[in-house]
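I'd like to ask you about the structure that follows.
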Amino acid sequence: MITKVRAHLSQNEPLIFERSSPGKIGYQLPELDVPAVDAVQMLGTENVRAEIRGFPEVSEVETIRHFTRLSTWNYAIDYGMYPLGSCTMKYNPRVNELVARIDGLAWAHPYQPDALAQGSMEVMARLEAALAEITGMDAVTLQPAAGAHGELTGILMIRKLLEKRGNPRKKILIPDSAHGTNPASAVIAGYAVQPVPSSTTGALDVGILERIVDEDVAALMLTNPNTLGVFEHDILRIADVVHAKGALLYMDGANMNALMGMARPGDFGVDALHLNLHKTFSTPHGGGGPGAGPVAVKKELEPYLPAPRLKRSGKKWAWEYQRKHSIGRVRAYYGSFGVLVRALAYILAHGGPGLRNVTIDAVLNANYLRKKLEPHFELPYTAPNMHEVVFSDERQAKRGVRTGDFAKRLIDYGFHPYTVSFPLIVHGALMIEPTETEGKRELDHFIEAMVSIAEEVEKEPEIVLTAPHGTRTSRVDEVTAARKPVLRWK
Amino acid sequence: MRYLPKSDSERREMLDACGVGSAEDLFSHLPEAVRLKRPLDLAPGISEYEIVQYFRDRAAENANGYASFLGAGVYSHFQPVLVDTVVSRGEFLTAYTPYQAEIAQGTLMAIFEFQTMICQLTGMDVANASMYDGSTALAEAAMMAVRATGKGRLLVARSVHPEYREVLRTYAHNQRLPVEEFGYLADAGMLDSEDLEAKIDGLTGAVIVQSPNFFGIVDRVKEAAEIAHRAGALLIVVFTEAVSLGILEPVAEADIVAGELQSFAISPSYGGPFAGIIGTREKFIRQMPGRLVGQTTDTRGNRAFCLTLATREQHIRREKATSNICTNQALIALMATVFMTVYGKQGLRQLAEQNLAKAHYLAGRVKPRFCGKFFNEFVARAPGKTPDAINKALLRRKIIGGLPLARFYPELADSMLLCATEMSHRKDMDAVGEIFA
Amino acid sequence: MYPENFRYTKEHEWVRVDGAIGTVGITNHAQNELGDIVYVDLPKPGTQVSQGGTLGSVESVKAVSDIYAPVSGEVTEVNTVLADAPEKLNADPHGEAWLVKIKLGTPGEFEKLMSAADYQAYIGAEK
């Protein structure tokens, strides 16, 4: 029985271009306080465009209605839980939105004199210090704009260190359970990728690792806990094996929500890691970005951090550009400052004990779901899980229902689906991560929904196979979208 | 804690269901040697009011109430109120990436509109759902050109934003792609086509130019296109000042356009987050990095939107992906979309005209160093006064002057880059004129 | 289902030989596993391929699969039908939706590949 949602009228709305008509305006600019100029004279006839063909022409009222109507077609954290594994879809605190908009911070130009940017620099310095403490590392760069960007930055630093030692080496080892950005980043950094299989317990196969780490390996890229939500128990041995051959250990910090205040990557042998501020540190997903992917490193990698870096000069902050061994810039300016403000606000709200409680509740929530869902779903790996749990669709597949279908039916129950078909080492994966900002009531609703759908799979699979039924849009034709791409309105 | 919605009794019920005495028991499987044995060395959590106060104090340590003539890739423009109203809606702000199309049509349709507007502005056939920023958009465009042509050498104009060129080098270096620069004309501030002609060869995959360029000059892109295409290279055109597209004719000869949308109601915010774009021709679609939204139908025959051509991307293609990028700067792109909608066809034109008027008024007070035509920025110098001295004097009048160019162009150490937008006041421009004189 | 005069590979390609030319495609098992095919990426005529080397790739909405050359040689012809109608690869993988023709470079390769019976046993075991 569906209890979390009920049908409701939602407004239709065409594309903004279909609403437009010539002459409608939604803006007003102040009068010029200087003389107007002739564009053709100033720019040359050949450089002046006739018009922006097809651009919208609507009033302010239509603009607000258009986007408001569109917004009502979305699910969001503000509506309810996203059980998406590895995404850490936690509550986005609103005070973070307020502080990011304070004029002195929002209007700061990256090139304004350092003396007039001390506030922004202090914010960044404070965040660097906090992230270093949380991860147990020595130095942090806030430049990377996203997790994948951070991965690339981290691998580039490792490369530079190894070059300095005489040989950048050729390949990066990546577990077969890894997120797709890991191998993609390694390749952009100029390395070949060699997969490392997981063992039957879902952990990295240390025996195989020992056999394949050689002097051609630059690094092992590991996620810990891994994408099954399982902590790599042999992590110290893994770090030793990697280091013994002169390679480095890079950690994908996507699952940091499981570790805060409990264990620190810097303490278990990690040389470099990136964090996802839009996951662990609550900055909003915004429908697909912006995020930020700071990278934390051990002392040995500090010289290679992207330039410039913050340096304390008496009582003031300054940007140090002359950094001989830096890998260079990975983006213009200093970082996604607006995202950094939100992450710092989150850290200030919790403090040390608070972040530890976040991790505790995240792990409690995931274990509660595991306990309640275990009777109904196949659990391929039975090791203790931390902040997320991965089931497989094996039982449901017997009735012809796969994880993707099951997920679509979950939508009818008022939830966003869990992560479907990832990690790849589980056939037909259901990857579930509730995060700590879900209360028992929401979790119980979720359990109810999952159990109910599992029953439907047994008794009337058709309703699951053709879901969703209650949404504005039924299943979309992704095949035609790929065969005959239409990527703009004409 | 206000973000943790569990009462003690609920916690107890859940622990009982898990069969453990305390929540810490759930961590007992962690190896002893990795456990953190002390509390994190961070100040205790503070209240909402204290958080606001902390950031207000930081904001007070930045410039407040100054007029500014800084541009150089980040521009001061009015931000229509509606932009913030729309992106503050929880359904946009707290929504996930639209992988589940049925419950993300709001995000998807907005991105589809965004892609369309970028095509309309740039004259390209297709645009993606945005990149991290202009600098990484350029780096990705270059890699795209290399994939498309099979040729690895990159030629970039010195008049392209210096930090963008630095980012390009970082990306190119590790892919073993040689990057070489060609110069600009000392009098006009435009690219030196003879230098380009001399340096281009059959191994060049892309020629990269910016217009308006870093000096604000509307550059001779058609000439660069002709030279590039003759040599079998692609032309990548970069823009950092999106408002210029309101009045400047898009470059028809461009194969790829890479740019920055910060001007479209995105706060300067000390350098980010911003949103870059890549636009290109139909034939290069499959080489494009980043997310793409396509139009399709649902099972009932209604128009619907979804992410498409995902097989280019990292989560499927993994090490063979067109890029490692996962995010698109969705919320930032949405801000730009609302901005473009509010101004619309007429407004963006009028906005560009106002920028042109303001900057040319300033140029009447402070003679531009280059004779090339410019949009809203130009390079200037004062005889006998260093840029630092000028800026110091301006600061006393609560004006932040232009960017001294010494750090990026030693040959222009006596000059600064000035930008005037629709936000610049006549009296402040007059003050700049006085100090320069 | 699986033509007797074809030979098959473990990567689910088939090849049929007429004189000096081999015609290559993917098997029905392959297209079934892939689901709705949206795009096929094939080499240009004139490309040299070696046995086991990547020939191109096939894409469904959510997956990409590399196609490997079952025999060595030079690509002489590419099936242009698939550019506009990739769905034909689902409909008729052994016939209309052949992928490329290769001028055989190394004698003896064809004979060493799996027969139809061996292939059917192979895919039966895979399950």
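As written, the chain order gives the labels A, B and C, with residue 1 at the start of each chain.
Convention: a contact is a pair of C-beta atoms (placed from the backbone, for glycine too) under 8 Å apart; a residue touches a chain by one contact, two chains touch by 3 or more.
Note that the structure is a prediction, hence the values are computed from the model and not measured.
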For this structure, which two chains have more C-beta pairs in contact than any other pair?
A-B
One chain's C-alpha mean falls closest to the whole-protein C-alpha mean, and that chain is A
So how far apart, in whole Å, are chain B and chain C when each is placed at the average of its C-alpha atoms?
44
When centres are defined as mean Cα positions, the distance from chain A to chain B in whole Å is 19
Where the centres are mean C-alpha positions, what is the separation of chain A from chain C, in Å?
38
Flagged in chain C as touching 2+ other chains are 38-39, 59, 61-62
Among the residues of chain A, which are close enough to touch at least two other chains?
478, 482
Residues within chain B bordering two or more other chains
310-311, 316-317, 320
Which residues, counting only chain B, touch chain C once they are in their complex?
286, 310-311, 316-317, 320
Listed in rising order, chain C residues that touch chain B in their complex are 38-39, 59-64
Give every residue of chain A touching chain C within the complex, in rising order.
421, 478-479, 482-483
